Amino acid sequence: MRVGVIGFGRTGKSVANVILENPTIRLEWVVRDTRRLEHRSVPEFFGVESCEPGVIYSRHEFSAEQLLDRSPVDVIIDFSSPNGIYYYGASAAERGVAIVSAISHYPESTLDYLRDLSAQTPVLWSPNITIGINFLMLAGRVLQRIAPHLDVQIVEEHFRDKADVSGTAKRIADELKVPASEIKSVRAGGIIGNHEVIFGFPFQTVRLRHESISREAFGNGAIFAAEQLCSLPSGWYRMEDLLMPYFLEDDPNPTALAAR
Amino acid sequence: MRVGVIGFGRTGKSVANVILENPTIRLEWVVRDTRRLEHRSVPEFFGVESCEPGVIYSRHEFSAEQLLDRSPVDVIIDFSSPNGIYYYGASAAERGVAIVSAISHYPESTLDYLRDLSAQTPVLWSPNITIGINFLMLAGRVLQRIAPHLDVQIVEEHFRDKADVSGTAKRIADELKVPASEIKSVRAGGIIGNHEVIFGFPFQTVRLRHESISREAFGNGAIFAAEQLCSLPSGWYRMEDLLMPYFLEDDPNPTALAAR
Amino acid sequence: MRVGVIGFGRTGKSVANVILENPTIRLEWVVRDTRRLEHRSVPEFFGVESCEPGVIYSRHEFSAEQLLDRSPVDVIIDFSSPNGIYYYGASAAERGVAIVSAISHYPESTLDYLRDLSAQTPVLWSPNITIGINFLMLAGRVLQRIAPHLDVQIVEEHFRDKADVSGTAKRIADELKVPASEIKSVRAGGIIGNHEVIFGFPFQTVRLRHESISREAFGNGAIFAAEQLCSLPSGWYRMEDLLMPYFLEDDPNPTALAAR
Amino acid sequence: MRVGVIGFGRTGKSVANVILENPTIRLEWVVRDTRRLEHRSVPEFFGVESCEPGVIYSRHEFSAEQLLDRSPVDVIIDFSSPNGIYYYGASAAERGVAIVSAISHYPESTLDYLRDLSAQTPVLWSPNITIGINFLMLAGRVLQRIAPHLDVQIVEEHFRDKADVSGTAKRIADELKVPASEIKSVRAGGIIGNHEVIFGFPFQTVRLRHESISREAFGNGAIFAAEQLCSLPSGWYRMEDLLMPYFLEDDPNPTALAAR
């Protein structure tokens, strides 16, 4: 699988690094906004040996059309900014290149544009693209279906200067029908990011906890999404669509399954 | 739903108490081994007002046949001992009374007997019948299907005098293909019982944690099983068979689902 | 050491039970408000064998004076109500009987009365008399002296129906100079009571966590306080005064100690 | 306070970085084993602006004598290797330069050499120089003095490939008289390093937990040690000697203190 990355900020760099280290994926290029580092390569930037090209381009040198023809890829992974999609979206869709976008927020009009593109190619948008957080949301929803009257509480912990409630915690709250105002936010020192969902039964407690070690986690999530998307038809996907199939046992008890 | 309980030891008492407090289930009777408390009632024993009979019988007074004809129930919940099933099994199966057994261990021959009964009536056997622990095992299996190379570690914590590794931890280890020898057992003071499964990704950690508050948790699990079983045909069920259907979203993305 | 207990509500019962099981302390009597159970005994009430009398009295039968003369004790442990002290305070102080009060809140005038009594006998008042919580507060203060600019956050978890922020959490917040409004309160299911203090350093996190298993913990704290108090002169003590001496090593480095 | 650092490996770099960012300490120089980066500077290496020199030297260019005369410091912080002390020890001691060594293991003969140096200058040796871990050990000892019969259990969590039980956990075990064989080691994914000490009371549990976010934590510990050492006379110190004074309240209850 050949991959191109859009964006080379802090997260883009971490993601490119994880892709480089993954032997089944080939990093063709990275496109960034500025001309800094232009024509250098990701392996050289990180000081590692690699047979993958990972050339760093500026979007000012080539159009996405030129780039995709010159150096074709199967998937584009986007960690740039809300308007990055307008650089490559149409050219990618025309060529059937799958799109994995990890942009946090899009204006509604940009989301419409993304959905339009999904008529021609598989498009996935996930503001928090880690496997762990998305698993946690889906698993939490399962437990709520089993025991609808459970108390659910959300605690998130981050470094002292993080303003506002974490967007990921708000997303979890939304999925689990917890009012966002009930999220408990701990701010202390240099905590990178922890999210815990507490499910209170009368005589037992279940906790689902996710701890971030570094932003490289986004890279593994993006690779998972890219790998899945390549074998799917054109369409609009979210991370949970890709994880959901794994929630069903390979051999469930058919009678119990049918009865529900 | 009318329920009879077999066994009135420490756990049986807790379970009977939880059933009494549940307004949608009617506790008809309890059968125990000894004649102590015979003909008293569960509500009176706990000193609570209740319109449910909850009569306490000894197995020496009536056969299960007599009892079930005189005071019919829809489900029997068994927290007695491995040979309790021989008292009521055949009579219950003949009458189509569902059986929920929470006995920890059965000899293989008794398990065969239980499976034979399941040709005539729904039979569920679950050595740890809490919703939390069974959810945790199933959720853990989901995460392993998503990310097969995850490191999985199990830590269990119990009161200082608990000998041996917890049976529940062994069960979790078995489900998640962790060698039982790798379970970490913490023994300290009066901890009632905690089980934590740690899933190590390279750049993130997911923890599923179950904390027991009291043995009443078994009661809620047994009620859940009884309610589900009443709407199922004859057959052999385990707790995970009943929980599995809740793992599937009501409206999964059909394309993603089909592709796996 | 001979002990009398004032109060036989839920906590009083747990405390009396713990005292009974402790071989170095003798439970002489319990005094309660109502005449229920009058002249029965604590061992008989709990259905245990014991050579300790533990007679249950009503405060309506005897004055504290009569009781202390008839059945003298070394310490009185009070888990009754804010006005319980007026029943026994003066009589105890006159006889040099130590007083351990675990009442949550006293009006200021009652606190003045207690302080007056402490001129004649050792008096300890501690609204949360567990060793664990008091250790946690003192240890937290140590860490704040070492690293004054640490971020400190407090999370408390209790059963769903607990109204208001936990009084213990407020006390911890007060000790650690955290605004009470910053306490994060989790309410879920049947959680008995957990308190966690999170200390955020830039590159490390320290957590002090206390988990309540049952109210018997108050009994062990009260016994600890009673034992210490018996060897102390008249005066006004708080739980931290008794714990503080243990914070100093037996053999600290004198040069380092002197330098601070 | 002027500081020189010995060692510029992974930890040495992190420590130098933390010193640079601390406004009250001036990083004069770093000495390393190889000639790589010779005569470049730490600020330039990290790409930050700074008015502190932080010159990078090789030990092959200058003797420590020459270096200390040319560019004097108040403290030397050593994150190099067990034989690093022989490069600078005697010259530092002669000039009264304090020594903070964070080397994990020394041969007994080297420890003797260090102790000899401490006759002339303050010398501190701490294999794990974080404030958090050392606080945790001391606080744990306090709790054991208060309640000598507590159950104590130690759980340490690290990345999957870490061989052997963590040295820090062994140190904690040693301090708290827990057999090293009872340490529970969790190995999973990319966990940087967590240590938890669990204290089991019959009816409550206390947990002291330390979570490492990055190796920069060693830098803050070393700075704390350096600052304290500068105001102390010649002598042999361990991290706990410096922390111990903070364990005593500024205004303890003198009666309670005297009685113990």
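When the chains are written out, they are named A, B, C and D in that same order, and each has its own residue count from 1.
The rule is simple: a residue touches a chain if its C-beta (ideal position, glycine included) is under 8 Å from a C-beta of that chain, and two chains touch if they have at least 3 such contacts.
Here the structure is a predicted model, which is why all the values come from computation and not from measurement.
Touch-path distance (fewest steps) from chain A to chain D is 1.
A count of C-beta contacts for the chain pairs B-C and C-D puts C-D on top.
As a whole-number value, the distance joining the C-alpha centres of chain A and chain C reads 51 Å.
Between the Cα centres of chain C and chain D there is a gap of 38 Å. Multi-chain contact residues of chain D, defined as those touching 2 or more other chains: 189-191, 199, 201-205, 213-214. Chain contacts in this assembly form a complete graph, since each chain touches every other chain. Interface residues of chain A, counted against chain B in their complex, comprise 130-132, 135-136, 138-139, 141-143, 145-147, 199, 201-217, 219-220, 224, 228, 231-233, 235, 237-238, 241-249, 252-253, 255-257, 259-260. Only residues 189-192, 213-214 of chain C touch chain B when the two sit together in their complex. Across the complex, chain A meets chain C through its residues 150-153, 155, 157, 159-160, 184-191, 198-205.
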